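Each of the two complexes below includes chain A, the first together with chain B, the second together with chain C.
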Partner chain A sequence: MTGHTISRNRYFLIFAALIVLLVLTIFMAYVDLGPFNVIVAITIAIIKATLVILYFMHVRYSSRVTWVFVSAGFFWLLIMFTLTMSDIATRFTF
Partner chain B sequence: MSTSGSENHTNYLNDGYGVKSWLLTTDHKRIAILYMISITLFFMIGGFFALVIRLTLLSPNGTLVSADTYNKMFTMHGVTMIFFFLIPSIPAVLGNFLVPMMIGARDLAFPKLNLLSWYIYVLGGIFTLSAMVLGGVDTGWTFYTPLSSGYSHTNVVPTVIGVFIVGFSSILTGLNFIVTIHKMRAPGLTWFRLPLFIWAHYATSVIQVLGTPVIAVTLALVGFERITGVGIFDPNIGGDPILFQHLFWFYSHPAVYIMVLPSMGIVSEVVTCFSQRKLFGYRQMAFASMAIAVFGFLVWGHHMFVSGQSVYAGMAFSALSFLVAIPSAVKVFNWTATLYKGTIRFNTPMLYAFGFIGLFTIGGLTGIVLATLPVDVHVHDTYFVIAHFHYIMVGGAVMGYMAGLHFWWPKITGKLYPEGLAKFSALTLFVGFNLTFFPQFILGYLGMPRRYHIYPPEFQVLNVLSTAGASILGLGYIIPFFYFMWSLRKGKVAGNNPWNAKGLEWLTTSPPPTFNFDKTPVVTEEAYAYPEEDLVGG
Partner chain C sequence: MDNEQLTHETRSFVAHQFDDLEQQKEAGTLGMWAFLATEILFFGGMFMAYLVYRFSYPQVFAAASQYMDVVLGGVNTGVLLVSSLTMALAVHAAQEGNRKQIITFLIITMIFGAIFLVIKGVEYHHKFVEHLVPGYNFQYEGAEPGKSEIYFILYFVMTGFHALHLIIGIVVLTVIAIMTARGRFTKEYYTPVEISGLYWHFIDIVWIFLYPLLYLIHVHK
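Presenting the complex of A and B:
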């Protein structure tokens, strides 16, 4: 909406990065890292989501209010994961 | 500003008459009316299911309907009332009508999106209604897995599709309000001059936008597991049923605040107007609304104390749940303090607002009882819980809706309703409500479980009382329906500001013109700037 346009090359670059990360995800799924497999997969997923949000959704060039709301979305996601894990990660059997 | 409330001025109601002029309108006020008609319809359907429930419970051996039918009745009562009445009630009707007017705007930021939200609501309604016509659902409105995702033989899929769809109408309403409140306030209307009705809707919108996608995805996963047999929630095929409850309540606890926060906004408007006082602690009230929206997302595990959630999580959620009591109490105390030395008028909206304050307090305090982990182990899934949340949702949210409807009816329609009859029906509703639900606290405490169509004979007296109360409560809803309809044709002309209220919506004519204001208003004073010359220094 603000006049800023992203060059077409930038889009292709981001697209290529996403494909590389996708291939990496598949590759890492076949390497046994024990519990770290999940961490690696989630890290890659976060990087991919961030790229999509910043460039494809133009958030990088958007106003402060947009930033606040995008961060709120992440913060809420964090609440959901953290408090759900407060149960699932503490289900010890005595 | 427009001068008089003359009857024949052009307004949003006489600006086009055909069916098309309504079904294709982008006027926020007309869309509000479309919503009002639709949710009233669903309220009647949900009320019918409640009637069957209460009639069944008149006798301890469940003579009226079978166990299976009873399961469907309470499920469809919950689904209809929560997703198709309470969630859209105040935001989509009164919020839609008033948010632009209160901030001095011509319409919402996205008028077409607003109309789309209503069509989405209708589409979702058609799915859920057809599920009911095809034989109903029996999972409870909570859709707990693995019952919903595997074992139930009823119409779970069309129902969850309906709820999934209707969620998007809620998201669009919230999104529209957020952008409108940020971008379209009249000159001079700073954030801390906004009426608390607007703050309440802002907080509500945040919950709608950030919470609703989670329930949508969760119910989609239930449907997915049911159709494909891929294990997500069913432990037999590798799923985790408690995970469903986490995701479900992540939305569904805050959903209670989608229902009750807008009511709180209404109570702030009504209490200040009918005591002609500035609101006590304006900023605290605004922050309390936002705090409720945020804290509301930290407490959902209090629904899962006996579901197999870890003990540590149970303790954490119990402690966090107490947090919500703080901003809620701030609100109750501030409304009470606002009344101090006010010129109080006991008009119908004020009676409903008083009803809200008292009943919400009872609902809130029993909520603290239930959030206390060891007590909940005793009373979980009993009528104590049913009584508690009806005090919040009916005693709180619906009372607030009624207060708002009566407060702004003259603005919406340009007509006054018969005040004496309205006061009488407000009292009827209050008495009926308490007679219906107070006995349920006792029943629950004595151990009567929810969701059974039979019960031990010693519980009959309290159940009969409750059913008797429900019929009085029903009367309290039917009378307003008729005098509102009557007032459309025969009611006295209201004028621009029959209550001597502050707020931009009262400056324009009743009913308002299509674009709300002939000239964009300029705001030069705080909200609720009622004259208080006798209270200087007080």
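Presenting the complex of A and C:
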């Protein structure tokens, strides 16, 4: 927890990865993958968000209880998406 | 734990309900993450609405998203990523107790935040000129103007709330920079710098999802 500092180079490395992923997501958007375009876009966005959370936000080096708090937010988001879409996606009319 | 070993200066940073600085820092971090969890669900509600309407009217959303400026949006994503890097470097400087560097990196972070807002303002201006602002002057040339308006409502509400968060973030960082200049933080105590950073990175994360979802729906033709 405290005392664990990430080296400055690590931050620059993560930043470089984020920029590469940004360029990749723009590049992939110009390639016609049909329904997979949105899946690729979301996957890249999740990877970018994960990098920010783990390194810029130090969650990788945080306590277990911090992990629980972080996961809880996204877990509840997932519940909302899953339950709502299981309704919307199975309707014939909207 | 062993308060006797702490210097007088360090002890003065520990509020009386905490045993030591580490416990206090842990509580501060957890509190911020509890707040951020509510923020995830706040933006989550808007993403939920987006998901429902994009699922229902995929072609309409694809056509309406053609009006977005992919270049300006992409530049803005880069601008926010840079600001996140400099924010992380500000926290790093705080860990090293380098007061001057904290302030420098905080100012750079705020400047990049402001650049984002200016570019966003230019984009908003384009939408006003093109008559694409729902409830104000919405005149859509393409097919299904009614359903397309939903896309633009989502665009303005989501990016608007994101921009509002960024403005609040700049205000928070200004306060932190002033506190740093007044010598309120040390190598041992810099929790406010750290948790303001968490807030800033959260704003970055929201945009990481907004950019592909609003701008990059249908750029391939």
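Brief remarks on what is shown
One rule holds in what follows: the second predicted complex is superposed on the first by the 91 of 94 C-alpha atoms of A that agree within 3 Å, B and C clash if a C-alpha of one lies under 4 Å from a C-alpha of the other, contacts with A are read in each partner's own complex, and residues count from 1 in each chain.
What we mean here is this: a contact is a pair of C-beta atoms (placed from the backbone, for glycine too) under 8 Å apart; a residue touches a chain by one contact, two chains touch by 3 or more.
Note that the structure is predicted; figures quoted are calculated from it, not measured.
In the superposition on chain A, contact is made by A:Thr84 with both chain B and chain C. Judged by the touch definition given at the top, the superposed model places A:Phe56 against chain C, while chain B stays out of reach. Between chain B and chain C, C touches the greater number of residues of chain A.
In the superposition on chain A, A:Trp76 makes contact with both chain B and chain C.
Judged by the touch definition given at the top, the superposed model places A:Asp32 against chain C, while chain B stays out of reach. Shared-chain residue A:Leu18: touches chain C; no touch with chain B. Comparing the two complexes, residues 65, 69, 72-73, 76, 80, 84, 88 of chain A contact chain B in one case and chain C in the other. Of all the residues in chain C, the ones that touch chain A in their complex are 21-22, 25-26, 29-30, 33-34, 36-41, 44-45, 47-48, 51-52, 55-56, 70, 74, 77-78, 81-82, 84-85, 87-89, 92, 95-96, 194, 197-198, 201-202, 204-205, 208-209, 211-213, 216-217, 219-220.
Chain A meets chain C in the complex at residues 1-2, 5-6, 8, 11-12, 14-15, 18-19, 22, 25-26, 29-32, 37-38, 41-42, 44-45, 48-49, 52-53, 55-58, 62-63, 65-66, 69-70, 72-74, 76-77, 80-81, 84-85, 88-89, 94.
Touching chain A in their complex are the following residues of chain B: 178, 182, 206, 210-211, 214, 240, 242-243, 246-247, 250, 297-298, 300-301, 304, 309-313, 316-317.
Interface residues of chain A facing chain B in the complex, by the touch rule stated above, are 65, 69, 72-73, 76, 79-80, 83-84, 86-88, 90-92.
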